[in-house]
Every structure is written in structure tokens, then in C-alpha cells.
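I am attaching a structure below and will ask some questions about it afterwards.
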């Protein structure tokens, strides 16, 4: 159609908004990363220092640690949430009538803001005052403080994150399950698949795109969200729970080092965009294959 | 064939009975598991709810208090005395306006992405998706300066626009896939029926993605509702959303747990209500087959 | 009502990889029923879309009467389209679907609500879907949906109707009826109609004249009779007529031709002269319609070819036999009563004047 | 795929060069404009707030601070100011970190939204160095703006404290909102219980120290009061485990304060601040034998702390005190009101207050929150008038009663203030051991007063009973130092590294942060 | 090899909607049996009950001497070809065909051998590595069939397997399916709504309508001797024409009378109707090829008005409107031509069929 010249009008408002609230600030932040720009340094003057911030970053072991921690957090969290979410979705989708009532209930944890979820985590996991912490102590599962122990702090955060986000994944997967085509199931039944085979050979492959969407959203969030961790452990004990988001937050909002903080985030940003692009492409390939 | 012979031997009546009862057993087990999951995910929430009716002494007791006389003090203190009920209204204003703005702006854009031969379309689209993850930490200062210059600080405009940074990409991303799922013939039909492109979009296509829009809006509202950093730094006390105010209840002389819980549970109610009211649309919207990306 | 002209129209898809239409020039006369016949992927739907303005030509021009419409938007062209995929508005009832074109903002003044309702009822009755008016498309069967799609086009009186396989999904009986109805409506209204179908029977039944499209090219344009009786090439010959025309590769031996090396047939003089013109010396393609072949006793002298019945397909009054000889297959259409059984040996006979001769290289008709 | 990511990155790179010019100046350097006072000349007649504020009638003043009870007092009382001046005052209360974040961003953006900001005094270096704070002398010395009845000379509890918390490199930048110190809190009902005294004597061979004034005593007492559920404590059978003390063990600022208490007491320092001034850089001395000994003691003491100690911040510490989980703790005096609040505390009325135990020094650390006036404020004079008003006696007393810690001497004339159990100890510490409002003897059931044992304890450093006042850094790098110390102390406490390694690494890190080393 | 028996099978859906009513059929071993009927007639429900995809509400289903009512589909050893192919979209052609074998944990070598055999048999060896998405309808169908035959099932079920193909392709697939069945010899039940398909392929056809079985018979039987009006109308292309008539006896002869015509029945027909006690109003059915048309009136002919003519190459279809406003389709010679609204004269030739107005059964059967 000769609507080509009208295309601009369709996208213009969004383009302007996008430019103003995302692109310009982002580019501004990028310029920070080439400056020495910190309020907590008596020698920082905001001058252009080229790639010094990036050079510093290359030798920053804590930065590498934060990447390691991010993956230690991300991978089990996503696996756990995927499995639990799937289980939940299977149960919900087992009968649509049940699903209707359950979905708002299931989403309740998602509606508590991350700060609150983190706070509740801190409170309930406390071995002295918290209901879960006391049970863990009583059962002898954890000696001492869950969040004060490097080996249990990250699992605890994963658990809290899982509590908040599993329902979200479950809702996406439920939607996926409800939308799955009937035919391959019938084919599989006739082909002789028992329920377990049906699940692994039919349901799972068909549901994969939904998994990838959930994965995509969660991966992005895992690199963005710092509130839960900040409230629960501030990256501690030691740096056992210091993810890249927490690390970047610390540099930007604790040290007020916008130069280094921005450089950190730019690197993270490039990293995630590659990761997301990979996932997104995988998703598209998958759809193309269907 | 031997393999078939093994697999398909005739089944004796006894086997049949057990097969039937095992199916029934499976149903019961699935009911049980569902109940268990509901409890597992509802319990902490209910626990939080219960803490809102406890005093600090009861909350921070070395022995867990299971039975107590509920107090409304936390609710009265935080909602009325501190006046934080206004913050819930603020949250509603911010979340609903941001989402509404992004829907109004983003949906036509998503449609354009789905239908028009935009040069470099996929790259643009991917870029939008990528910026969904631009961390608030990095955008906060530039946005603060920007909004200060635009005299938006202290108005609802600031948090609303800031929430668009993640809502707009989300809306465009998901809505595009909804549109992609609608056959282009529908557009073609409406246009040959005498409708202009815009009229086609309004009258023929939009009604189709209604529940999709509801689902996207609900999720966006949840994200917006939970957003913390922008809501904190780009607002004044008159415009601050509730999520960003909660840390003010963490005090050096002790976190006001009762008030935190009272506020958090109260604050989640409007959205819970929304979801409850729109659940049918939500499920329909999500199972559009569209959130596949 | 309008004359529609396509001038050197080409269209590519997927960034130029797939050519859907190759330099098509067509003139569809005012008030005629024009059929576009061709297999899937021939470019029929593309042609419809280009005329409707749903897609843009890569090169070439489209005219409606004398006005060029190549760059006009669909809503500026005043054509009504019935889509093969129905393209119904899923959230609207049948009634609303049918009323949708009349409610377009540009027609606000033309149609009052009362007129709209009356027109919708009228069309619904015509198509036999008046009982379905308050249903949603998803509650309808494929055939019912297709009738709604057709109704949505017929509800208006545009300059041209564009029907893209509009009755393909109806059951056989209804298809018969709808075919008749469409022909009648067109005759009464006299609106230029372009109708695509992969079904040669449909095209033959309906068209004032027709074009056969294959891989984006026009193979032949003409009246149904012309096309059936004088197919321009092997493709048309095989495509029009059911079962398809038997094409027999044959050797030229002087004045005669040898079929599979099994039988000899003397060549008509007209063909012979063509042969020399076309510099064909050795081989030739001979086409015989299954209806034109008679079954004779294999031992009789009449039998040109002898073979064995491989399949018998009973189609009611008639049956179709597949007769094999060596590795060749010939189909014969005959009355069921006289049909032999599977496996029987039979002889085949046909008259040389019923044969069609084609150039074996260009596959074009010789006479 | 990688190519596309790098493509985007380079697009930004180019864009950044173009837009770089539009970006805000990295360090805004606004010169401190002379105050254009509407009433420059000395007013005729008596000074009054109403008259001084006349030019700003109808204007709005914005204040931001941490949402603490004293701020709530301000909120309740601001009506008086509004009524007198005809202005409107908006007070924004946020969380501790959020208040800092928001103020810093507001300053960095030079938006001028806030006229008065409340900030921890340790941020002074950052704020002054960035040119964001206006010295208050120009108001203080302007007769048109200065209330003749107000003076920060001679009216405050301690001038050293004032210098530390409100001045930076010789200039006064603010007035104290909060003047706070840490003290040892203990359950005197347990300490003074005859059964416990007898049992202690039997076990340790000396009288139960009530309170402990040395770290050795502290450790003994901590061990002594650590009991299991079912055991008896002060004549009652315990339904839950009780611990000797509690500590801030999480990676949180609490750990830093708690750590400083011990090293200062041991005679150690993190940075050797010249002249005990926070705004002067000194050598890093964190890896000292004293500090190592102190750190080891802390680690040792965790045995007698609740299991949650390694994730505990001031909230858990406070809760441990309020719920009767611990016998003692070292805590801020502005948090004590919550322990004395029977609504939220089972320990209310059962607590007495002493100083941090002594090793080589009898000391207290300095801390405070300030009223500050930003350079970006468009009505600094009004801001000053408000701050000055807030320093008025009535306001200070009202804040004090809600849990604040006033710096003003006159606040402590008030009988009700004097009856607050923690006040005498607070004042004693803040005046360096000079002012004793009341004394508490062992067995005194009121619990009010400076414990006699602590009062009489000799400061090994000075040979008398005075209390040393130890400054902490306030130069811009302060926040980084704090975070580094928190991290390495936390690592040592959790056993991730040995105390020796922790201090070595810490020393290295602190040196890398300070510009002078 | 299996004989399949349905005994008084019912399918009753929620809300008492009857899908299949009291159906009894016996399908012989190795037979190619078609279930024919319009959409919603219960043929697919029947097939799905045989497959085990739907529960049998009442009645018995036997595979040889095993009652399979309560067996899961996987326990029945049936294979099914689905109307919409129902391929596994995420698998390659190879894996789609291998799917049933993998479920049985067969060795890779064995699977490979069988898949290649099936692919070779269907001539789709080239397609094996492809994704099913990239296939054409016909190819997908072939894959669906490959998946069904690869494990040599006891019963092969086909649900409208070629209905989505183009006419030309459909004609070819018909032959190939017959060939396939001839080679496999598996008992096959074939569901279709296309009578041409059923006629062309099946050994026997069960015609169903509205959940009820109308007639079972060979293609010739159902064509020539339709037991009900429905069968008469459903089978045959172009379809049988019907006209409302009355029986009347005059002078011992039996006539069929309508506003448009009056026909004397043959003695044999009259004989069959001799003990008919039902309504005098009947429906006359006559196939298009059994009507002769002339432009001038002749004996026994009656007039009708031309509605449209449809030349179809080797024949022309003529629609005429009778005086009774009934539309008749007639097959005439290809060179026949008449203008719309022109009057022509019709004559009915034997055989004609008469159907009861109410029961709609063939009175001459």
C-alpha cells in the first residue's frame, strides 16, 4: 500500500518518547563512563578520561566475582522457577475452571514489591525471630543465620526470588498450556505414548517457546533487579551475594561514582544484549520451525 | 512383530480395574498437589497479612506467636496517621497513567512493526527489546536532570514517564507478537471494505487484541507497581508511589514491621482486585498464543 | 462497474527471491465474469491482492476504466473482496461482519441503519445463512464461514467483485448451488467479477472467459469452450478437464506416429505441415481426453493400445480406469455399467480427430 | 549476533560524543552567591521571626530527611512556624539510604527542590567538596536573620562534637538535628538479681560487674548470661534461649559502628586523623595490633550472641533487646526510646545505660545528623530561619521526648527530659564525662542515671575519669572507607578470612581509596 | 490383522447431545472401509472412539475377540492419520515417523530401518531431514501416513486424510492410498465427507447422517440403491434432484404427480409400492444423468425454465427451475446451449427413486 509515508505517524509518538526518556538518558550515562565523575573522591573533577574507567574494570576482581555470583543466582533460580512454575502450571491448567480462581491467588506474591519481599525474607529467615528461620534451626538444617552464612545466603535469596517470580512464570506457562494444539497429543496417544512420554516428548517441546519468553524476562530482570538482594544482604556476607546489579548499584549510589558505575553498566548492558539477542534468536528460530 | 506383541498384549479385567483406579488416584494427587502449592504460595502472603495485625513485640518474639489479639494500630498508624493511603492512590495514578500512555503510544507502534515495511525493522525492534533491560540505576541521574529542566520533578509526570522506560518496550514487544498472530487478511478485508488504515486498526484489529491488551496492561501495572528507584528519586512526597516509601519504615531504632506488612498487603490489594476482575481476559490474552515472543 | 486492466505487472516476495507474477498483462472487460484458474502458488491470490490494493506491484500498472489505481489505497478503489481464508472479524457476529463494509466511515451517509439491516438480511437469505446471523465466526463450520465471507463482499455494489476461491470449502452440494447463485447474481448486477479457483470445473462452469495462470505466467486466455477444446499448451490441456488429458509421447514415423512404440496412428495433414514449420522431426506429444477413449476388446483390431486395468474408481454413473501398458498409464473415463474389473486386460481405441498435438519442446499446441 | 550488539554500542558511542555537550556538567561548581537579603539593614526595634520572614510570606519551604521520630515531631510542630511566617513547610521523610540518595541526586542535578536537607554529618565532605552546601555564617552573622537569643557558641553540649558534625575545614555548614553517641545497654534487673550475682561470683571468682566496664568483664558477663531455654534467669524459667549480648554482624553499616567502638576503645584507629578532625586526611593505620586484638575479641564474643548475629543489623539488635533475648548490647542513644517503649518492648523499664567498655581508652564516637542549606535552594534565608527556629528550646524538647537527641544544653533543664532513663548517660558521654545529671548505683530500681561503676572508671589514656571523644572521617572518600571496612570486617566475622588477612587487605584497600596515600 | 466390530455403540456428549446413535458395524479383516457423511454426522466421533481418543458412552467395541472399550489408545495398537496431519511441529520428518518407534524403545538401527522403509514406500526419502513446517500439504500428509504405517498397526484409521489437498492432488492421492492399502492389507477405516473419495477408494461404505447409520454397502450399491433419501442425495456428483410429489393411482396404474409433471411408474416399481401404507406425499429422486432435455416438447415431457448453464468440458450442467419452484440439475451434452429463462422440456428416465416424506426411506429399495 502506499501507506509508506504514513508509517512515520504511527511510530512517531513512541519514537519521541523512546528518544527522550530512554535513548538520551542512556547516551548521557554513556558519556559519564568516559569521565572521572565521582562525588566521593576529592580529586574527581568530571573531566574526560577516555577509557580509563573501562581499563580499571578489566582489573577489577570484584566485578568478575559479581558476574560469577549473578550466574550462581540466575541459573538455579531460573531452573527452580521453571520446574516449579511448570508444575504449578500443569496443575492449574489441569482444569481450566480451577485456573480462573487460582491465577489471582497465585499472583499475590508477585504483587508484593521486591523491597517488601526482601524484607519479609529477612524477617522470616531470621533464626531468632522469624518463622522459617526458627523452623530451620529447630530441624537442624541451618546452624546460625541463613543470610549470614556464605553458603546459605544465595540459596535463601534464590528461594525468596523464586517465591516471588514462580507464579509469574506459572501464569505464562499456564497460558501456554491452555493454548497448546490438541492434535499432537492425540497423535501421541494413538502412537502409543504413555502420560510420561507424552509430557516429555510432546508437552515440553511445544511449551519451549513459552519457557524461552519466561526465561528472557527473568534473565533480563536478574541483571536489573537489585532491591531484593540489597534489602536482604547488601551483597553479603562478604561478596557472596553481590550480583552485577548490586555491584553497579553500590558504585553508583553508594560511592556516587557515576563514571565507573556507568562503565560497569555499559559492559553489563552489552553482555545482556548479546545474551538476550541469542535467546531471542533462539525463540524466533523455534517459531520459524513451527 | 514381537515388539507390538509385547506392548499390546490383551489386558485382563484386573489390570483394567487398577488402571481405572490409578487414574482416579492421579486426579486426587493432582488436587492434593494443587492445594499444597496454593498453601505454599499463599501461606507466606497470609503470614505477612497476619503480621500487619501484630505489635512489634509479637512480631519480634523469640517464640513464634500463633495466637494473639489482633491490633489495627499498624493500619491506623501507617495509612491514616502517616497518611500513606495517599501513596497507594499515587501508585495507582502512576501505574495506570504510565501503562495507559504506553498502551496508547505503544500499541499503534507495535501494529506498525507488525504490518509496515519499516526499514531496518528487526534491528529497531531488537533495540527496543534490549532497552527494556536498561537498569534504572544508569538512567536515574540523567532522567533526574532531564525532568528537573522540564520542571516535571514533583509532578506525576516524572514517575509516569520514567515508568515508560520499561513499560513502553514491554508493550511494544508483546503487542507486536499479538498483532503478528492476526492474519493480515483481516486488515486486507477491512481495507477493501472501505476502511482506511487507521480505521482498520481501530475497528477491525483493536477489538481482536482487547484481551491481549488487558494482559499486557496488567503485567505492566504489576511491574510499575513494584518499581522502586524511579518512584523514589523522581518524586516528591506528594507524588511518591507506595513501593518507594516502604524503606522509610526501616528505621535505625527498628524496622516498623507491622506497618510494613500492613502497608504492603494493603498496597497489593488494588492490583489483586484488578487481576481478579480481569482474570478471564488475562488468561485469554495470554493464551492468545502470542506471548511466544 | 469498470474495466480492469493490468499492464506488465510483476510482483516478488521475500526480498525478490520468489517471483509471484511475471509481467502479467490482462484486460478484464466491464461487466464480465472472469475466472483466474491455476494451481496453488500460481499467483491467483497475488493478482487479486494487487487489484484490491492490498499489496503493491513491483512494476507495471493497474487501471480501472481509464484511471490508474496502481498507488491507490484499498479503500479508495471500491472493490469488494471475498477472501479464501475468510478473514472474518472473529469478535463480531455474522450480522456485524456482513454490516461491516456498509458501516465504513466513508459510507456513513450512504447507508442508514435500517437500510443496512435490510441489506444484511437479504444477503443472508440469499446465501442461506440467515439462521446464523447472531453467531460468531468461530461457531460456524468452514463452509458457513466462507459463505459469510462471500456475503460480506456481496453486500455492497462495488465497481468490481474479487472472489478468491470463494466456494472452495463448501460441501459438494452447496457448491453446486452457490455456483448457480453466483452466476445469476453476476448476470443480474452486471458487475465486473474476478474469480479465482484451482478447480477447472468451477472455472468452466462460471466464466464468461478465463485465464489460466501457472507459476506467475498466463498460459492462455479465452472462453471456457475455447480453452477446453483447444488448449494452448500441455499445461492447460492437462489442467483443464477431469481426469487430466492423457499425454502420450510418440515418435514420428513419416506420415504416421507411433504411440509408445505400440500402435501407429496416421497424422492429419494440418499437423504434418505444422511439424515441418516447427522443425519437429522425431517426437511429438499427443493428447487424448479420457472421455474420448473407448474400451474395446484387446483382441479386436480396433484396439490401438492394449493394457491392463490397474484401478477402477467408481464415481457413480461414470468410472475412471487407470490402464497400464509397460510403464505407461492411460486414464479412461467411461460409464460404470460397462466398466471392467481390476486386473482385466483391455484394448483402447480413439479417433485421431479427438487428438491434440503438441510441440514436445515448447509444449505448445501445434494447430 | 555479536556484531549487532557492537553495532549498537558504537552507535551510542557516536551519539555520546554528539550529546556529550548536552550532558550536565559532571561536577557543578556554583559559586556561593552572596545572600541578597531583603532586609539588609539592622531592623529597628526588636527582632522577630515574623518580621525577618516577611519577604518569604506565602512561599513554600521543602525539607527532606530520614523518617525518624524527631522528624515527626518537626512535622507536628511546623504549624507554629508556618503560622508565624505565613509560609508553607513540606517535610519529606524517607529511609536512611533513600534520603541520602535523593539529596545527592537533587544536588547533582542542581534542581533546587530542597531548601533544608537533613544528612548524616559524615557526608559533609562529599557535599562541601562538590560545592553543594552554603556556609551558614552569612545568615548567622546577619542581624536581620539571626535571632538574638540563638547562638551556637556556648549553648551546645560539646563544641568538639559541633566542630566535627557541623563544620568542614573551618566553615560552619549546619546545625545539629541529632547529636548522638553509642552506649552499653544492659538489663539491670538481671545484673542486679541476687541469684545471678551469687552464681557469677561462684563461677568467675569476682562480683558480677553491673555494668561491665572492661572488655574482659564484658566477655565474662556475656558468657555468663548465655542460657538455654529451660534454664533459670533472674529467678524465672526461660522459654527460649537467652544470649549474653548481640552484635551487628551483617554486611551493613551497623557492623562498622560496632567495630569502631571496639578498636577505638583498644586505642586503635582506621585512619589516624590529625587533630582528631574528620576533615583532615591522615595515614591509614587499620592494620595495627590493637585493631587485630579488637577484631579477635569481637569474633570471640559472637559465641555469646544469638544465632542470627551474622545477619543482624540494627533492627535485629534492637529486636533482641526489646524481646529480652539478650542481656546487653552496644546501641545508639537515639534508638533507646524504642527499648523503653512498653508498646514494643518487653525490656521497657528494665534497662540501664553505661558507656562502651574500656581497654586503653574510655571513649565515645561522634555521630550526628545536620540541618544543611544547599546552594541550590532559591530561598536560603527562609531555610535558615526555619533551621534557627527548629533549634529553639520548645522544639528541641518536643523532639527529645519523641526519641531525639538534642545538642542544646537548655533542653536538659526540662524535668520530663531528665526523667528519660537514657538521658544522663547520653549527656555524660557527650560532654566528655563532665556533666553528670544523675548517678545510678547498683540495685537502684529506677535504672536512671550514669552507672556508678562507669562514672568512676578511669580512662587509662588520661588517668582521670573523662571520656574521650573520637572523630570519624568526614572527607569525601568517607563512604568508600566505610563500605570497605564493612566488607572486610564482615568477611572476618563470617570466617571467610582470618582477622589478620582481613586487616591486611583492608589496609591495602583503604590506601587505594585515599588520594594522599 | 483384525476384524473390528462395533456393537450398538453410542456416543453421548455433555448436555445429552447425541453424537453417534446405536451404531453397529463389522469391518472385515483387511478391508478398506469408508465412513461417509457430512460434517457433524458422527463419523469422526466413531473413528475417535475406535482410536480410543473418545470414550464410548454405550455399547461394545471389539478388536477380534478383545473388548477394547476401556483400553487406552496406546494399548489398542491402532494408528491414525489425522485430517490436519497432527505432526509434531518441533521434529523433523524423520523423527516424526520414528516417533511411535522411539516410544517403544526400539534400537536405533531398527528404527532407522523401519523409518527408511516407510519413507521409501511413500517416496518421501528426500524429505526425511526436513522440518515439517517447510512441507506442502501433500508432503505432510505423506509424513502423517508414514508415521501411521511404520509400526504396522492392527487397524489403520484415517480421518479425512486428503481433504486439505488440492483437487488434482487429491485425485492422485486416492489412487496412491488404494495402492498403499493393497500392499499393506491392514484393516483400514477411512473417514471422509467427500463421496467421490469414498466411492473411488472403499470396498464398502457406511453412510452416516445425524449420528445415525444410513446404509452400508459397496460403492455401486449405495449409488444405485440408496436406502434413504439422504444417501441418494449425498452420493453422486452432481447430486440427485428431488421433487415433492404425490402418489396417485389411476386405472390401476400408479402415478407420481407434482405441480410440474406427472409420471407413470413402471410395473416393477408399482409392485414394490403395492403394500405401501404411508403418506401419499412422497419425494421423487432422480439423478442428473437420467433426465433428458429437449428444446421442443415430446411425449411425457414437461416444461422447465433455464436457470443457468454451466459448461464443464465433457459435459454441461443445466440448472432448471420447475413450475414448482424446485431447482433441478441436469447433465447434458457439452454442446448443449440455452439462454437463461428459456423454456426447455424434460423427460425422466429410469431409474427413479421414491422416498417417504417422513421416514425418508427409499420406497423402491
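To keep things simple, chains are lettered A, B, C, D and E as they appear, and every chain counts its residues starting from 1.
Keep this in mind: a contact is a pair of C-beta atoms (placed from the backbone, for glycine too) under 8 Å apart; a residue touches a chain by one contact, two chains touch by 3 or more.
For clarity, every value in this text was computed on a predicted model and none was experimentally measured.
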{"item": "Shortest chain-hopping distance from chain A out to chain B", "value": "1"}
{"item": "By mean Cα position, the chain sitting nearest the middle", "value": "B"}
{"item": "Most distant chain from chain C, judged by the mean position of its C-alpha atoms", "value": "D"}
{"item": "Which of A-E and C-E has more C-beta contact pairs", "value": "C-E"}
{"item": "Centre distance in Å when chain D and chain E are each reduced to the mean of their C-alpha atoms", "value": "91"}
{"item": "Length of the line joining the C-alpha centres of chain B and chain E, rounded to whole Å", "value": "52"}
{"item": "Intercentroid distance (Cα basis), chain D paired with chain B, Å", "value": "40"}
{"item": "Whole-Å separation of chain centres (CA-atom averages), chain A against chain C", "value": "56"}
{"item": "Set of chain B residues in contact with two or more other chains", "value": "7, 60-62, 126, 130, 141-142, 145, 191, 197, 247, 250, 255"}
{"item": "Set of chain D residues in contact with two or more other chains", "value": "4, 8, 23-24, 101, 108, 319, 323, 325"}
{"item": "Touching two or more other chains - residue numbers and ranges from chain E", "value": "72, 74, 77, 104, 151"}
{"item": "Of chain A, residues touching chain B in the complex", "value": "1, 3-4, 6-7, 10-11, 13-15, 17-18, 20-26, 28-29, 32, 87-88, 91-92, 94, 96, 98-100, 102-116, 119-120, 123-124, 128-129, 131, 134, 163, 166-167, 171-172, 174-176, 178-179, 192, 209-210, 212-213, 216, 220-221, 223-224, 226-227, 245, 248-249, 252-253, 258, 261-262, 265-266, 268-269, 272-273, 276-277, 280, 283-284, 287"}
{"item": "Chain B - residues contacting chain A, complex", "value": "7, 30, 33-34, 37-38, 41-42, 44-45, 47-48, 51, 59-62, 64, 101, 105-106, 108-109, 111-113, 116-118, 126, 128-139, 141-143, 145-146, 161-162, 164-165, 168-169, 172, 191, 197, 222, 225-226, 228-229, 242-243, 246-247, 250, 255, 257, 260-261, 264-265, 267-268, 271-272, 275-276, 279-280, 282-283, 286-289, 291-293"}
{"item": "Residue ranges of chain A touching chain D (in the complex, touch as defined)", "value": "23-24, 26-28, 30-32, 34-37, 39-47, 122, 125-129, 133, 137, 143-150, 153, 233-239, 250, 253-256, 258-259, 266, 270, 273-274, 277-278, 281"}
{"item": "Residues of chain D that touch chain B when the two form their complex", "value": "4, 8, 23-24, 62, 66-69, 90-98, 101-102, 105-106, 108-111, 113, 239-241, 314-315, 318-319, 322-325, 332, 334-338, 343-346, 403"}
{"item": "Interface residues, chain B side, partner chain D - complex", "value": "55-57, 60-63, 123, 126-127, 130, 140-142, 144-145, 148, 153-154, 232-233, 236-238, 244-245, 247-255"}
